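Chain nomenclature is as follows: A, B, C, D, E and F, assigned in order of appearance, with residue numbering initiated at 1 for each chain independently.
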Amino acid sequence: MFREAISKLIAKTAVDTVSAHCDGPCGVYDPASARIAAEAALSMTQKIIDLGPAESADHNTYGRFVSIKEQQAHLAKEELLILWTDYFKPEHLEQYSDLHDKFWNAAKLCSAVKQGVDLDAANNLMAAIEDIHNIYWATKGRDVAYYVAT
Amino acid sequence: MFREAISKLIAKTAVDTVSAHCDGPCGVYDPASARIAAEAALSMTQKIIDLGPAESADHNTYGRFVSIKEQQAHLAKEELLILWTDYFKPEHLEQYSDLHDKFWNAAKLCSAVKQGVDLDAANNLMAAIEDIHNIYWATKGRDVAYYVAT
Amino acid sequence: MFREAISKLIAKTAVDTVSAHCDGPCGVYDPASARIAAEAALSMTQKIIDLGPAESADHNTYGRFVSIKEQQAHLAKEELLILWTDYFKPEHLEQYSDLHDKFWNAAKLCSAVKQGVDLDAANNLMAAIEDIHNIYWATKGRDVAYYVAT
Amino acid sequence: MFREAISKLIAKTAVDTVSAHCDGPCGVYDPASARIAAEAALSMTQKIIDLGPAESADHNTYGRFVSIKEQQAHLAKEELLILWTDYFKPEHLEQYSDLHDKFWNAAKLCSAVKQGVDLDAANNLMAAIEDIHNIYWATKGRDVAYYVAT
Amino acid sequence: MFREAISKLIAKTAVDTVSAHCDGPCGVYDPASARIAAEAALSMTQKIIDLGPAESADHNTYGRFVSIKEQQAHLAKEELLILWTDYFKPEHLEQYSDLHDKFWNAAKLCSAVKQGVDLDAANNLMAAIEDIHNIYWATKGRDVAYYVAT
Amino acid sequence: MFREAISKLIAKTAVDTVSAHCDGPCGVYDPASARIAAEAALSMTQKIIDLGPAESADHNTYGRFVSIKEQQAHLAKEELLILWTDYFKPEHLEQYSDLHDKFWNAAKLCSAVKQGVDLDAANNLMAAIEDIHNIYWATKGRDVAYYVAT
């Protein structure tokens, strides 16, 4: 009961704030930020695989590639969460009822890209970001072509 | 159709990854991290109000307090999102069907704390974190008392 | 004489390294990263102007906008310098003999965007990035359309 | 003689500043921040040991765990030093005459946790933080129970 | 009694670790890092004063200067604490019995430089760093002249 | 034609901004910042070599050393680029016509230090920084002796 009351209060403030924010000038968002980071994480995954068996690979190179993969997958997650928490608003949720799940799964794919040397996870993350790219630009009423840099 | 196929594929990988992760050793999570940052943001909000009218307040102090409020509210958001993306798993969602909304609203409250000098937003953020503290420890089957440092 | 010898030695190593790097797998670069940050800095410049006279503007909002402008202009500079130091190679310099000057001026425009609330500087930075976008994709032999997110 | 004069001058300013600060509103401090980071570093130490011999362990996982241990031990050090430099004041030093040594040793334990895969160092760091937790809350006149998240 | 036992245990591990570290190769330390950051904080303090009354100063410039002062004073503190926790060892403490106090006071001066627009604090911080410069190079048995960049 | 017009416009604004900046108070620059980071990267390169064959070296130590080398080489690059983009001005370029190349090569040497375990690259980076140290202090009309901390 108490918890319910808190939840309602929180939801109310959050929504009000968002509405107020909407009345002001709009921010600059572009899913390309997440896509570039995810591409880099995918590229590092492929490069680690290309090094062959880890024990015979150059250890300096192997260690650096794992570290860059980690950073870029983390950056992709951060960029995705900025879209989710800052850009998307209650009215978008009505239109895309699985929006929360899409972002939750995309964030978990970022973790999967970190945890393994896993091309499937990295490719699925790219697909998740393409999906979010399409939703984002649809909400803006603009037709921006998706592309990858590599 | 294509979008649906992508969504399913992504969801599948993410869930699989999560399950695999579950089989491994557990991480260290504690909602206290988010609570401490939110307390600091609340404290800075109160201190800015205590400075009185901005134009006659010490500008060095005023500027620093706004900047610290920004950083701490941002840190609270990051800590909350770590819990949401890394700790919570599909089985928790079955138990707490509004989990996504709770985190989304809490994240938006962090933004509200940044955007204004707004005691209501800061207090609601504290309440949101207490709520998440209770859920988190319930999923761990432990009874950890909530407290604030100030 | 000694200085000359040092310079030659350094130039030689750097070029060798770069060549070696060329033989390996290519990195992921996209001038869109710099463009998004510069757009955000331009947007913040406009929003600060829209606040009207600073002394009567909301001090929390004014301070935050200056701080976000600073961060985004800095990020734009970082992203530009990654292209200059990591992507571009001696052979590109033969083709674009003023490449160094272009990046130096673009970096100095990032500083100008920080130092003032200066729409001209912010717009010129956008133009400089569009110019670099065109050069970059020309060196890749691809035709990627330039666009802005806002 | 000159050095002595400098030292006195510095000590005087620092103490004055601190006293002035004391007259103002209090900050938010909680040794839980250091404890959570130290727990994570201890957990990573154990997980690295659980991987077995490094040469036959998965290199991506091994590298990530070392890196996370490094970051968390560093964060624990930062959080401890914030308490030492910002919270504790000359009057506390009168009460706890070995306060400087406690923090110096705790900081050096953070380094030890980084340098090796050393359960003793990690456990001793946890004990050092429990000790500081008790001192901190004693100076606040509050009885806050110590707990670990894992 | 229990607390005493913990303290001894911690002190022992920390000292052992440090000794072990001493057997290995030495790190690169130079108090110049702290001096450069403190010089920048002093310079920003002077520039803020030169702006005249805050309410009639350019708000973009004033805000940026306060923010740069904050960052540089923080960096000076970090650089000082690296020397204290990583470079200095128990044998140095025997020679400089007030070493802990010197660093504690220097760190508190960094905070004072942040909290105010205070030329005395900034100049005292510079003097504290010159003092540490002299101690540091004496322990290395080298005679390195102190200088300031501005 | 259009591109030329843009270039001229950009160059004009950048130069104007720089001149305006010159009228104001000067910043604090010291090539010692880049030198200290480069020394650390050189030291880590040597320590990695001293560990002997990577496969039989302690993996925790090896991984940490590669990571510290990466960070320090990156920091050296950042410090060099601050000098290039913020301190040096068009009038210096007239005096040192190869200034752009010097910084470009020095930045590429930082990358080479990251990419390999390469004593030549690390030593050449040190030589490049000594060269820049000499140019920098010559433009300031001061005679500051170059030294290394180790």
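Here are some notes:
Quick note on the criterion: contacts are C-beta pairs under 8 Å (C-beta built on N, C-alpha and C of every residue); 3 or more make two chains touch, one makes a residue touch a chain.
This one's a predicted model, so the numbers in the text were calculated from it and none came from an experiment.
Note on connectivity: the fewest chain-to-chain touch steps from subunit A to subunit E number 2.
Chains touching both subunit B and subunit F: A, C, D, E. Shared contact partners of subunit A and subunit D, listed by label: B, F.
Note on interfaces A-F and C-F: more C-beta pairs are in contact across C-F. Ranking every chain by how far its Cα centroid lies from the centroid of subunit B, the top place goes to F.
Of all chains, the one whose Cα centroid sits at the greatest distance from that of subunit A is E.
One of A-B, A-F or E-F repeats the interface of A-D: more than half of the contact pairs, counted by residue number, are shared by A-F. Rounded to a whole number, the gap between the C-alpha centres of subunit C and subunit D is 39 angstrom. The distance from the centre of subunit A to the centre of subunit C, each centre being the mean of the chain's C-alpha atoms, comes to 24 Å. Distance from the subunit D centre to the subunit F centre is 33 Å, each centre being the mean of its Cα atoms. In subunit A, the positions touching at least two other chains are 55, 63, 67, 115.
Counting only pairs that meet the touch rule, the chains in contact are A-B, A-C, A-D, A-F, B-C, B-D, B-E, C-E, C-F, D-E, D-F, E-F. The part of subunit A that touches subunit D in the complex is made up of residues 48, 54-55, 57, 62-63, 66-67, 70, 114-117.
Every residue of subunit B that touches subunit A in the complex is listed here, in rising order: 3, 6-7, 9-11, 13-15, 17-18, 21, 77, 81, 84-86, 98, 100-102, 104-112, 115, 120-121, 124-125, 127-128, 130-131, 134. The residues of subunit A lying in touch with subunit C in their complex are 25-30, 32-33, 36, 39-40, 43, 46-47, 50, 144-145, 147, 149-150.
Of all the residues in subunit C, the ones that touch subunit B in their complex are 55, 58-61, 63-64, 67.
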